[in-house]
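Same chain, two partners: chain A is paired with chain B first, then with chain C.
Right after this comes the complex of A and B.
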């Protein structure tokens, strides 16, 4: 049976596991119809021209985890940012692991989507925000239909989350191929602040396909910093759909570190609903082998006097392929918009590919919009210069690549996270030099 | 220390060095002068190990060891240093961190521990004072947006940090105003000892007023065609290179 048919027919079985009387269930029922109609995207769609899901949709994924799998912290410690005190929302094969998690209901809520969807206390927030900005496309609708578990973060107004939140999804692959559909809802009210680190980690060679949807609401003057670490193994694929709505004078940043995985697609969408907003989209992609990473961004400027800053760096080796498709829409009302976009790439091999496509749709007349894209190689003169100072070939190349990505790395606000990412890069490049630039 | 014997070298099939001989002993300063296109920069790059050049005959010995097969970084580990005519801009890497990496990678290759951070900072402070380099300058990206003079001063700062056995200064005086020239020359002179050697490659004589060579060689058409004492440099300054060409072609 095709995956699409299997998913549609699984919906009935899914309904047996949840409360079908909850209001969100109408949303789910509606969503499965949309998925049934639209299905998975194909390369015929402009937004999917360079990314084909065909190969990863061929596996016979299990849709629901059959058993609860446990993990010991010591075995998965390295995937945590363990040298930093954080809240943790951890899932194993899509099921919540209380053992590895640390949640809170003290002034702020850092807990589970399943609780939020089933407890009366959360109903006003869920009614207000759940599925309000998620796009009604096939993939997002599929996630909505099966939405049950994920992270729920609610920061009421005038509150600072006292420590960052880590959201980690492990897949153990004890059941052959597995599909996961985490659903996160993050609501940050006026003047509040939270930092979130998200990671998907497969612990198996069995195929894993994650179709994740995250909705983030950033109210007036609130600040949200979101970091995505994508350093998964070769059989894990991720489709990340993130939707962010910002109100006046808020600042939201998303950093995406794409260092590995089979196929990774990031659909990152920002909607600006007030004045004086700043949206920041940064990314570093370093991949090799036959890995594929596709960044598909949208910033929709709808009000005057807002800014957006996009800076994506990509380094592609061997037969890796990258896509950057950055769309900026400036509505007629959004005068005095400053929108910047830059996408710089280095190809280390003749067989590596990057498709970079800026898309600007500007309907206002008093705006500053710029975009730039470069594709190049490592500079031989710079390599010789470094080598002549005693720095070995591998280290010199690594240092140049690190320097290339440095301004994005520098914008990471959590020092322990910055150190960790530097180490991930050093490991990836096979060098042992301290990148404390 | 450095022995170059009958060196023939070409780049992209074109022969540039055509049987060059040069002998440099520890404690000596040699100047290599010559007109444009004589092969001066080729000589500098070949000693440092740039890969585009192909040595077709002859050899380069450092302390009796043939270094021709060594990579640029291995030559650096053995104490070879090239002050670049055109230092490369490397955005994203600060001067300080570039030097830390260079020194520690060299120490690693020599089987030494990394230099303790405290010692590194002290050394950086001392050497930057020697070259009259502002501390703020050290946290800027390497050579990015530096003036010509700043780049050259930074090269000699790196030389001071690396403490090479053999330093090749390729057109170090170009782009320097008179004050910078004095600072750079003073730095080089302070670094000079009985145990190291310096080869100054230059088109003009003026740097040699400050860094006084023991020997002056004229490089023309890929060969050393004349050698002499420092007075030869003055003669070249006065008369240009034409008389040398005439002498050779006669």
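Right after this comes the complex of A and C.
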């Protein structure tokens, strides 16, 4: 059976496991209809021109988590930022693991989507925000239809989350190929601040497909820093749909570190709904093998005096394919917008491919918008310089690549995370340079 | 009262199309509609050989299966293809030996356009092949060119006289099935220019053709084929203005350039079809397929100044097949009122050490929409390919839009690609600076727009630079000094 048909027909089975009287259930039933109509995107759609899902949709995924699989912390410790005190929301095969998690309801809520959807206490927030900015496309609707579990973070007015939040999804895939659909809701009210680190990790060689949707609401003068670490193994594919709505004077940043995985598609959407907003989208992609990473970003400037900054760096080796599809829309009302977008790529192999499509759609005249895109290779002169001074070929190349990615790394605000990512990069490049890498 | 940008805007909006007049020449027009019989009739009318008729019919059959493309960032009422007449020719005897035989009314038209034939003849070496409503009516300097072995004639003539060349190259760069409009053109093309530069010849003069749409309700389907044999050089100019018409007119041209080893083709266009009036009524639909092929060490350079047409859909492209070949694209696109332009280029790098440069300048005013859409593709075998692209947009007023849709695809690690795009308006400080030095606002804007477009204007051949300035003036009146 085609995956689409399987999903549509499992919806009835899914309904047996949830409370169908809840108001969110109307949203789910509506969404499954949208998915049934639209299905999975194909290469015929402009936004999916360079990314085909065909290969990963072939597997016979199990759609519902069967049982709770326990993991020992010592076995998965390396996937955590263990040297940092954080809240943790951990899922194993889509089920919440209370054993590995550390949540809170003290002033702020760091807990589960399932409890947010079922408890009366959270109803006003859920009614107000759930599925309000997620787009009605096939994949997002599919997630909405099966939305049940994920992270729920609510930071009320004038509160500072006292420590960062780690959201980790493990898949053990013990039984078979597995499809996961986490649904996250993050609401940060006026003058509040939160830092979030998200990671998907497969512990199996069985195929895993994750179709994740995250909605983030950033109220006035709030600050949200979101870090996505995508360093999964070769059989895991990820479709990440993130929607962020910002109110006046807020600052939201999303850093995406794509180092692994079979196919990774990031749909990152920013909607600016007030004045004086800053949106920051940064990304580093370092991939090889047959990996495929597609960054699809949208920044929609709807109000005056806002800024957006996009900086995506990519290094592609072997048969890897990178896609960057960035779109900036500046509405007629959004005068005095400053929107910048930059996409730099290095190709290390003749089999690697990069497709870049940086787009601007501008309807206001008093704006400063620019985009730049480069594709090149390491500078031979620089390599020669270092080699002539006793730095080995491999190290010299790594140094150059590290320098290339560095200004994205510089903007990571959690020192421990920065160190961790440095290590991941060094690991990726297969070197030990000896300074803080 | 000080002249402000708003005043300029107002002036631009009320600016009517200067060249909007209609020449009353009796034309022989086919009944409207399109079917195999019409295609056969066009072919018969032009006394074409059997293979040509078959080629047209093949294109027509392909066209019937195709759908109009909708991906472009333009919105318009689709033309009714069954409500267009596909052939019209000035029916006074279309072959002239001297200028005296030419219809005086036609000469008057050219005078209004400022391109009197006499003057053109006297001007240093410009041979003009004038196409007015599909049939070539005047050719000059043919003898001079013939001495060098250069063939420069209408395509219908070439089909008769040089069938081997036409047969060999027609449709090789833009195949019949390439796209909807190319297929339509292949089926019904009425006339156009043909040019062949023999091996080792440097064409001593700029070749130029002026196109005009004239008869009401007549589609114009030009077909141009330029072949530069090994080690030859040619500079080809194409310019057009169209009279004011209320219903939309369709223009679907195809241009094919072939630059063989070590050859160079420079193709310049000034396009000023009727853009419609201030309410966005009328205007020409300009759906053009232009493409060139470069063999080893060859170079093709496209330069275009696009100021007219209600809807423009045009992507002059280069296929850099041979090693060390070079492709260039320089463009200024000006849109005003309700004009919509979706234009850009494609650079397909296949050979080693191929280079391409893209400079695109978009100026949008009024309620117009101006899009750049370009593709830079580096194939896996195109080692050391190099591309530089720059797309700048200038917005005048807050009711217009500027859009950039670049596609960059690289499959070779030695490729070096740079793309940059900016969007801005004329800075108040820039205008203030000029004002302060005694330059009034109108002149200041002119100065800035001129400076903005300079990189492209400089690429135009001398003969055309003047006209290009003139056309910029018409589109953005008073802003080019």
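Following the convention adopted for this analysis, the second predicted complex is superposed on the first by the 433 of 437 C-alpha atoms of A that agree within 3 Å, B and C clash if a C-alpha of one lies under 4 Å from a C-alpha of the other, contacts with A are read in each partner's own complex, and residues count from 1 in each chain.
In the analysis below, contacts are C-beta pairs under 8 Å (C-beta built on N, C-alpha and C of every residue); 3 or more make two chains touch, one makes a residue touch a chain.
Keep in mind that this is a model prediction, so the values were computed, not measured.
When both complexes are overlaid on chain A, chain B and chain C end up sitting side by side without clashing. More residues of chain A are touched by C (comparison of chain B with chain C). Of the two partner chains placed by the overlay, only chain B lies in contact with A:392; chain C stays clear of it. Of the two partner chains placed around the shared chain by superposition, chain C is the only one that A:369 touches, whereas chain B remains out of contact. In the superposition on chain A, A:234 contacts neither chain B nor chain C. In the superposition on chain A, A:115 makes contact with neither chain B nor chain C.
Legend: residue contacts after superposition of the two complexes on their common chain; A:30 is shown touching neither chain B nor chain C.
Look at A:104: by the touch rule set out above, it reaches neither chain B nor chain C. When the shared chain is aligned, chain C comes close enough to touch A:377, but chain B does not.
Minimum C-alpha separation, chain B to chain C, in the superposed model: 17 Å.
Across the complex, chain A meets chain C through its residues 46, 332, 335, 345, 347-377. Those residues of chain C that touch chain A in the shared complex are 71, 378, 380, 393, 395-425.
Residue ranges of chain A in contact with chain B, taken from their complex: 379, 381-382, 384-393, 395-396, 399-400, 402-407, 433, 436-437. Residues 48-51, 71-73, 75-77, 80-82, 84, 87-94, 97-98, 101-106, 109, 141, 158, 162 of chain B are the ones that touch chain A when the two sit in their complex.
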